[in-house]
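Both of the next two complexes hold chain A, though its partner changes from chain B to chain C.
Here is the complex of A and B:
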């Protein structure tokens, strides 16, 4: 019975992890930007959600949508600032790594200065009252709400990529940015939009992440970034569908480890990351090994 | 007025001069060959005309408008088509999506012309371009470039990765493409094949055009035949 519990919990968390990581993969896929501030964007989404809940009594589920427009705007502005240096760089991946490491540090410091260093949480009762019973087991209701919210959000990103013209252009750039320019796609414009969308979906998951990770605090960014990297590397870097597979594998593996090897479970992201990099560097769904 | 006019074009890549003082003209319905050995600068020349790399000096005009300072998307919009020497297709997209992306700049998804020219593609529209045979992939690459309805099509290595039979079959579509009022610039290493296809050829060596003329003129020059054909 415990095994079933771990698998169901793993799937619920897996859907959340897919939502948590998809923005990182989108941003990486298009411009090879390694966004080390990914977890900090989630953290800011979390604080926004906390603030909106306590000041304006806005449900965190609504905040999932509310944080999107300002983050898209912020994404455009950031993209304009970094686009020049990145397109001139000989090794844009490395430059983006350093740039966003700096952004990560700045965001963490700013939030600490203005909001203090304490962990904050939003009560589960803001989303749901009581547990959910499923197959004879009882689960926290928020897990189901968050997983349920993750499905349409991830689904929207996938629909956008596979069913809209802009999404098709985005995937063309992911496949080969130079050839995309050679067929007349405005690579800069589409990349800026994708960067904005990627950041927005990341802030968006932040609004409900506190229910799954126990709260929000200014220093949580690094761990969330590592977690998201593990998920997208497992699934396949640059493959958006792979993020869902990666999230589910990660979620179930983590819950099973918590059941059978609890003291080792926090190693799971690193172990899975290393295992994938050693044995299937292109990720579970990947066909080609990345050149870099 | 010629469709494309390139005047005194020079390009440096990483501090090294790759092209020097290149001038040529192409009109619609012309099929022009640019031939030369590996590393002569042929691909660089096409990339410069497409706006994918910066030129050092010189001027590129399309329909009499100087496009030297414009980005690639603006040049494609001004009816320039490019089949690059890379994959030429987006492997992770279906054939239909590849064609759609090619047509985006014009805002048109009408694939009829492409299917007329390359009927083989009709049956693999929903296949991923990465899963096609080399020949179909090259057809898809041509189709993708033609979707923007260019009046000038630049082709980097027609025979890239193809067997001689497939390369010949693809070469036979060139006059059909030209019949749509499309000028063609064909870049090739295979000088023999190119001379059988083009109206005029430019031979590029060490980043400069060393000789040009119609196939008949070139073949009547003993020094040209000796230097470029006997060795191959």
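Here is the complex of A and C:
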């Protein structure tokens, strides 16, 4: 029965991990930006959710939506600021690494200065009362709520990409920005919007992440970035569907490791990352090895 | 009948570091005309295509489309002004079907055109319209590249080495296709190494060497021109 428990918990966490990582993959897919501040954006979403809950009694589920508009706007502006230097750079991926490492450090420092470095948490009762029983096992109710919220959010990103004109343009840019420009797509504008959407999705998952990772604190960004990076590499860099698969593989592997090899479980992100890079560098859903 | 110049390239200069890839190249093309653009590898043909289509900005000179100065416009805006190109190595949007690729081009670049429904037929891709593009062979991908460019309703279309790797029968079909496109009043600048293929298409060629224009005129005269022969045969 413990095996079944680990698998179900792994699927629930896997859906959350997919939601947690999809913004990173979207941003990478469009402009090959390696956003090392990804985890810090999640952290800011967490603090926003904490503040909205304790100050205005707003449910974190509502905060998932409320953080989106300001983050889209912030992302759009940030992209416009960095687009020039990145497009002129000889190695834009390396520049983006350095740039967003700096952004990550600044965000962590600013949050520490203004909010302190204590971990904050939001009570489970803000989302649900009591556990959920499934297949004879009892699970924390918040796991089901967060996994349940992750499905429509990931679904919305996929719908955006496959069912809207802007999303189709985004996929074209992901395939090849020069060819996209040759069919009349304003690559700069669409990339800026996609960067904003990617950041917004990331802040959005932050609003409910404290329930899955035990709270929110200013220094959590690095670990969350590594986790998200592992998920998108496992699934396939630049492949949004791959993020869902990567999240599920990661979630189930992590929960099974916690069951059978608990002291080794924290190595799971790195072991999976290495295994994929060694044996299938293009990721589980990747078709070919990337040149970039 | 006086033909209007739809494309006027005047003294275009493009450098990469210390290397001058284009050094004052000029070119005029009329509505529905077919012009061959030839020269040895590295002479600047594709750089010229990239500069006119807006992929590269130029360091000097000007580009006018239908009388409007588009020198400083980005590539996607030039598409809306009526210039497009195919790529030497086509890269269709691989997780989309042939039809979706063409629809995308029509949606973003060619809304004012009426070519959307006919380009698949014109390029012989009607039967492949539901195929995902990653399953197409190179020749089919090249035709899709052409279809996508046509869907943006261009007045000027650069065709960059579309004939490379095709057999004589396929080349003959391609020539027929391009003649059909020019009859739709689309000016074609055909970048090609295959002089026989160009002879079947046009009488007018422009020859580039080391970023400069060394000949412009009748293709038969080009073949006899001393400078052109030197460039192609090494003297």
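By definition in this document, the second predicted complex is superposed on the first by the 292 of 292 C-alpha atoms of A that agree within 3 Å, B and C clash if a C-alpha of one lies under 4 Å from a C-alpha of the other, contacts with A are read in each partner's own complex, and residues count from 1 in each chain.
Convention: contacts are C-beta pairs under 8 Å (C-beta built on N, C-alpha and C of every residue); 3 or more make two chains touch, one makes a residue touch a chain.
None of these values were measured; they are calculated from a predicted model.
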item	value
Chain A as common anchor, with chain B and chain C clashing or fitting	clash
Which of chain B and chain C A:115 touches, first, second, both or neither	neither
Partner chain(s) touched by A:226 [first = chain B, second = chain C, both, neither]	neither
First (chain B), second (chain C), both or neither touched by A:62	neither
First (chain B), second (chain C), both or neither touched by A:97	neither
Chain B and chain C footprints on chain A, overlapping residues	165, 168-169, 171-172, 175-176, 178-187, 287
Contact set on chain C toward chain A in their complex	53-55, 74-77, 79-80, 84-85, 87, 91-96, 100, 104-105, 107-110, 134, 148-149, 151-152
Complex contacts: residues of chain A adjacent to chain B	165, 168-169, 171-172, 174-176, 178-187, 287
Chain C-facing residues of chain A, complex	165, 168-169, 171-172, 175-176, 178-188, 287
List of chain B residues in touch with chain A within their complex	50-52, 71-73, 76-77, 82, 84, 86-88, 90-93, 97, 100-102, 104-105, 130, 144-145, 147-148
